[in-house]
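Order of writing sets the chain letters: A, B and C. Residues in each chain are counted from 1.
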Amino acid sequence: MAESTFEQILSTAFDYKTEKYVIVKKHKVGVLYRVIQLCIIGYLIGWVFVINKGYQATEDSIQSSVITKVKGVVLINSSDTGVSLWGPEDYVIPPNGDANFFITTNVTQIPNQTLGICAESDRIPDGRCSDHDDCPRGESVRAGHGIKTGQCLNKDRNGTCEIHGWCPGEESQKSHVLGKVENFTIFIKNFIRFPRFSFSKSNIPETQDRSYLQKCNYDESVHPYCPIFRLGDIINKTGHRFQDMAQAGAAIGILINWNCNLDIDSSQCHPKYSFIRLDVNTTVNSITTFNFRYARYYKNATGHDYRTLFKVYGIRFNVMVHGKAGKFSIINTIVNIGSGLALLGAGSFLCNMLLLYYMRNRDEDRNKMYDSIKAGSSRNDTSTRDKAQEEESREQQQLTSLKLQADFSKDAEASA
Amino acid sequence: MAESTFEQILSTAFDYKTEKYVIVKKHKVGVLYRVIQLCIIGYLIGWVFVINKGYQATEDSIQSSVITKVKGVVLINSSDTGVSLWGPEDYVIPPNGDANFFITTNVTQIPNQTLGICAESDRIPDGRCSDHDDCPRGESVRAGHGIKTGQCLNKDRNGTCEIHGWCPGEESQKSHVLGKVENFTIFIKNFIRFPRFSFSKSNIPETQDRSYLQKCNYDESVHPYCPIFRLGDIINKTGHRFQDMAQAGAAIGILINWNCNLDIDSSQCHPKYSFIRLDVNTTVNSITTFNFRYARYYKNATGHDYRTLFKVYGIRFNVMVHGKAGKFSIINTIVNIGSGLALLGAGSFLCNMLLLYYMRNRDEDRNKMYDSIKAGSSRNDTSTRDKAQEEESREQQQLTSLKLQADFSKDAEASA
Amino acid sequence: MAESTFEQILSTAFDYKTEKYVIVKKHKVGVLYRVIQLCIIGYLIGWVFVINKGYQATEDSIQSSVITKVKGVVLINSSDTGVSLWGPEDYVIPPNGDANFFITTNVTQIPNQTLGICAESDRIPDGRCSDHDDCPRGESVRAGHGIKTGQCLNKDRNGTCEIHGWCPGEESQKSHVLGKVENFTIFIKNFIRFPRFSFSKSNIPETQDRSYLQKCNYDESVHPYCPIFRLGDIINKTGHRFQDMAQAGAAIGILINWNCNLDIDSSQCHPKYSFIRLDVNTTVNSITTFNFRYARYYKNATGHDYRTLFKVYGIRFNVMVHGKAGKFSIINTIVNIGSGLALLGAGSFLCNMLLLYYMRNRDEDRNKMYDSIKAGSSRNDTSTRDKAQEEESREQQQLTSLKLQADFSKDAEASA
């Protein structure tokens, strides 16, 4: 070691230093070690590689565009509001083919409302009164429909405040369920893109039969890739009944899941549709009613506003697109193997600790597993052993030292 | 090794091979090593397990549905446009209870617009002119409201192009702030689902008191789980004042954060609300004004169109739902422990390098830490040591070789 | 080992135990090992630290708010519907400055529709008939516009069912492409926030020149940070032509990507714009047409409804904001270094396996790499070696045993 020339450095640079091992013939530990090894290898192969495809680079951030189109018409023949025909331009809100859209299932029309004076609905707590003082003038009714005029109408029994608002109020009309909505069809166009792999696909099957899309209806078993869905089917797949939803409204999620393995042919990458009800009813019934109001405004000959107010209950659909694409990547493969091996190392580390600290006659094992290097040089090193060698002959003494010289091969050279 | 029978293979299969250790009695390294170990263990326990709950499988992809409902009415009494009452169907845009909605706070109505000829607003740079040539016929005004007719009106001082568009223009009217908007209430229904654990919950407290939701108002301290928010409160929580926003508009984010530990009772999984202003004003004031226009169209008796244009400023609300659910998972636990142990291994690896390359008298240590295996067989092995043993007696020579036989136990059998 | 007093424990607590190494002078393995080490170090430095900035804590969940504003007007002069001027309030759907908006490029107006009886369009398969029985009374036309009355009109050649619906039907009118749409400008305000670092920014350049935003147009090279985009430019950047889209409609994604390194000045954190066509046409042409219908309702003097139906084709824009922010974090740095070292450990582990199981004369190497500990004490240990030493002289026998005593230094003390 005294003369460390360049050649030496170079040569030693390519020496391979590995641990010196001790074979412990204790099957308790051995078996434990093998079990741990098996677990880790199983985890590595089974979980990391087979299940999680650890050899692939994956892309989660999917670029997606959803265009929806609802078809179907329904006729309402009401005694009070007369005949009216509802088409997609009316019952789909907003009508612009968005991924989130609302389909009206239950409507109350209040035609010919004008600004004026009338009684607040007695369903609104803040609208009830028993005296004029309960209706301070100019104050708006909390969660109500107008501004209090200061009068309490019909105050002797369940009176309500008089309000300045759009009259007549909603009570004047009854609601109509659009019965045929079940038969409406929803055409969902979904275009996806995995930027990392610049891979694009749409959910529209590449069929030659051009009329296929005019005939087919999605059916998990028969037409799993037909992008046209019957509204009633969707609701049934969520495990609910249309009748329950039509009255009070609901929110339904249409999940499109793309799980593409780009190592195989892209034509194998198909969307998977699933349907869930999003507004699970956890509490009192009234909670999950989903309704809102909108109005159509008109002007009469004298230029005064009047309007038709629509209070609609319905089903809101959210089309949610998720996706994952995987493609072989050497880096991911190496990294996963590497970390797997690191785990194996950790396994043996674990066994060592068990062996050293928890097994019987551990002192002895430890001794066999450890050599000692004192802060000083190998001088003290040998002296530690004198105890063991007092009764030995001078010759043996010498032999031993020889042995030591030989035992620590390079050391021997040095001490020569 | 000659006869390697099945029994041998089996027996050795369960031998445990561990590293042979060297104890280095150098406290510098020892302390360093312990410190590193402590850090790693601290990191593993404190960071991975306690803080990041490494023993849990977590689910980030939350399925969420948001339904909003705004309540409140406001009366505008304008000298020019007369009395008008604004309800949710008017000031909430779109009115369909979406998670992203706009509430009008400041409106300019331009009633009775008809298609015709009038002057472009002088606020629009491209509309200004000093000569007819500045208004090429048929060209539209950039960022303007009509098509140039070729005339430059009132060109002597700050003239503007004559346009073919909806007249009269916006200048003819002044805006009205809807003062009472502060008192509007926003009812937010949020239904979430963690598909991985098929766990569903809503933000509506499961109370027996059915009238609770009609009375309560969200308040961090008093009613932290009341899903009804006063608009003024929301704005205050963002650290801004309603007056500042009402005039020019703003964008506010309502964050709902679900952090659910499913190892404990699900009733402990509550939403956390926070409110931020999204359109922080980083530059000149005019930037953050948020307004848009929409129109209501009418037909007069002769079937000609006329319209009322609304230019509205307001506050846009985005309800954003984030969430994380965790549940105990044996796999995650093992993996995290394993990688922690792997780190421990790395720790000792680090110390070795320090020991070998940076400590004093490292040659000597190295020698004690290394045995040597030459490319050839143990024959060359011994020969390397001859250097050290030239002056030794033939007997010692032989003894040494014996030692070698014994030293490498199995090897001895082979060379026998 | 017998008397293990507190001092001993304390002292040994700070002993550093490291593996005893074997130097294998086999350059095959050595070189392999070095190569593996280099790969791992290269991976660690190059991939983990330089490319993936492993020393930073990163934040992916960006809070973003997008406000869009489209400017431009276009005049339609149609023989049948007369002159009409389209402004943003008309052709932008919805008009409320959302991140997802639709711009009309091709419109068909059907004015003065009233509820009545007319023929279904012959383009609708379910509307065709050759006999009255093909049109069961009261049944709605699938994907059609009304309710069948039971009559089959003009049944001799390509007849269609008579329907009760809004008449006249769409065929009565022809469509008009809004030619000038190319010149419309889209002003995109994007405000982002990285909650973890509470860092906010907007995409509006902080310029002193207040008129900059009135003049500039986005241009990758000249004005890369101007937030105003010419519609025609956007389409060109997607690699398509406006003419192709205007007729049938399309969906375009405007991607805003924020990649902020918060270790350097935040003014260096800029948005990057890119534009893609989302509805790549993978199949028959008809697929990617994107149109929908909406109606404006009027009441005549007698209070009967009539409407103007608009069938619009157009381009839908989705502004998608992604972002990543990174900031130095000591924890991430340590963890990444640690796992890197763990990988190094794994590397040597790999080499061992190669060395032990795949190299020539592996028995021999193995022997040098292993000591043996039997289930019993070192007594059996020696006995195992007797096999190898039967023919040896008693003296050698004794010497060997001496060697053993010395070989396992501490062990010698114990057996003393």
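Simple rule for what comes next: a contact is a pair of C-beta atoms (placed from the backbone, for glycine too) under 8 Å apart; a residue touches a chain by one contact, two chains touch by 3 or more.
Composition by chain, UniProt nomenclature: A, B, C = P2X purinoceptor.
No experiment lies behind these values; they were computed from the predicted model shown.
**Student:** Between 0 and 180 degrees, and as a multiple of 5, what angle does the rotation take that fits chain B onto chain C by Cα atoms?
**Tutor:** So the angle, rounded to a multiple of 5, is 120 degrees.
**Student:** Quick one: compare the interface residues of chain A with those of chain B and tell me same or different, with half as the dividing line.
**Tutor:** Different-residue interface.
**Student:** At what distance in angstrom does the C-alpha mean of chain B lie from that of chain A?
**Tutor:** Result: the chain centres lie 14 Å from each other.
**Student:** Give the residues of chain C touching no fewer than two other chains, as numbers and ranges.
**Tutor:** Counting only residues that touch two or more other chains, chain C contributes 17, 19-27, 94, 298, 301, 339, 342, 345, 368-372, 399, 403, 407.
**Student:** Going by the contact rule set out above, which residues of chain C touch chain B in the complex?
**Tutor:** 13-27, 61, 63-65, 67, 69, 71-75, 83-85, 87-90, 94-98, 112, 180, 183, 185, 189, 191, 193, 200-202, 204-207, 210-211, 213-214, 296, 298, 301, 331, 334-335, 338-342, 344-345, 361, 363-372, 384-385, 387-389, 391-392, 396, 399-400, 403-404, 407
**Student:** Under the touch definition given earlier, write down the residues of chain A that touch chain B in their complex.
**Tutor:** 1, 17, 19-27, 29-34, 39-40, 43, 47, 93-94, 100, 102, 115, 125, 140-147, 164-166, 251, 253, 255, 276, 278-280, 282-284, 286-288, 290, 292-295, 297-299, 301, 303, 305, 309, 316, 318, 320, 322, 339, 342-343, 345-352, 355, 368-375, 377-378, 381, 398-399, 402-403, 405-416
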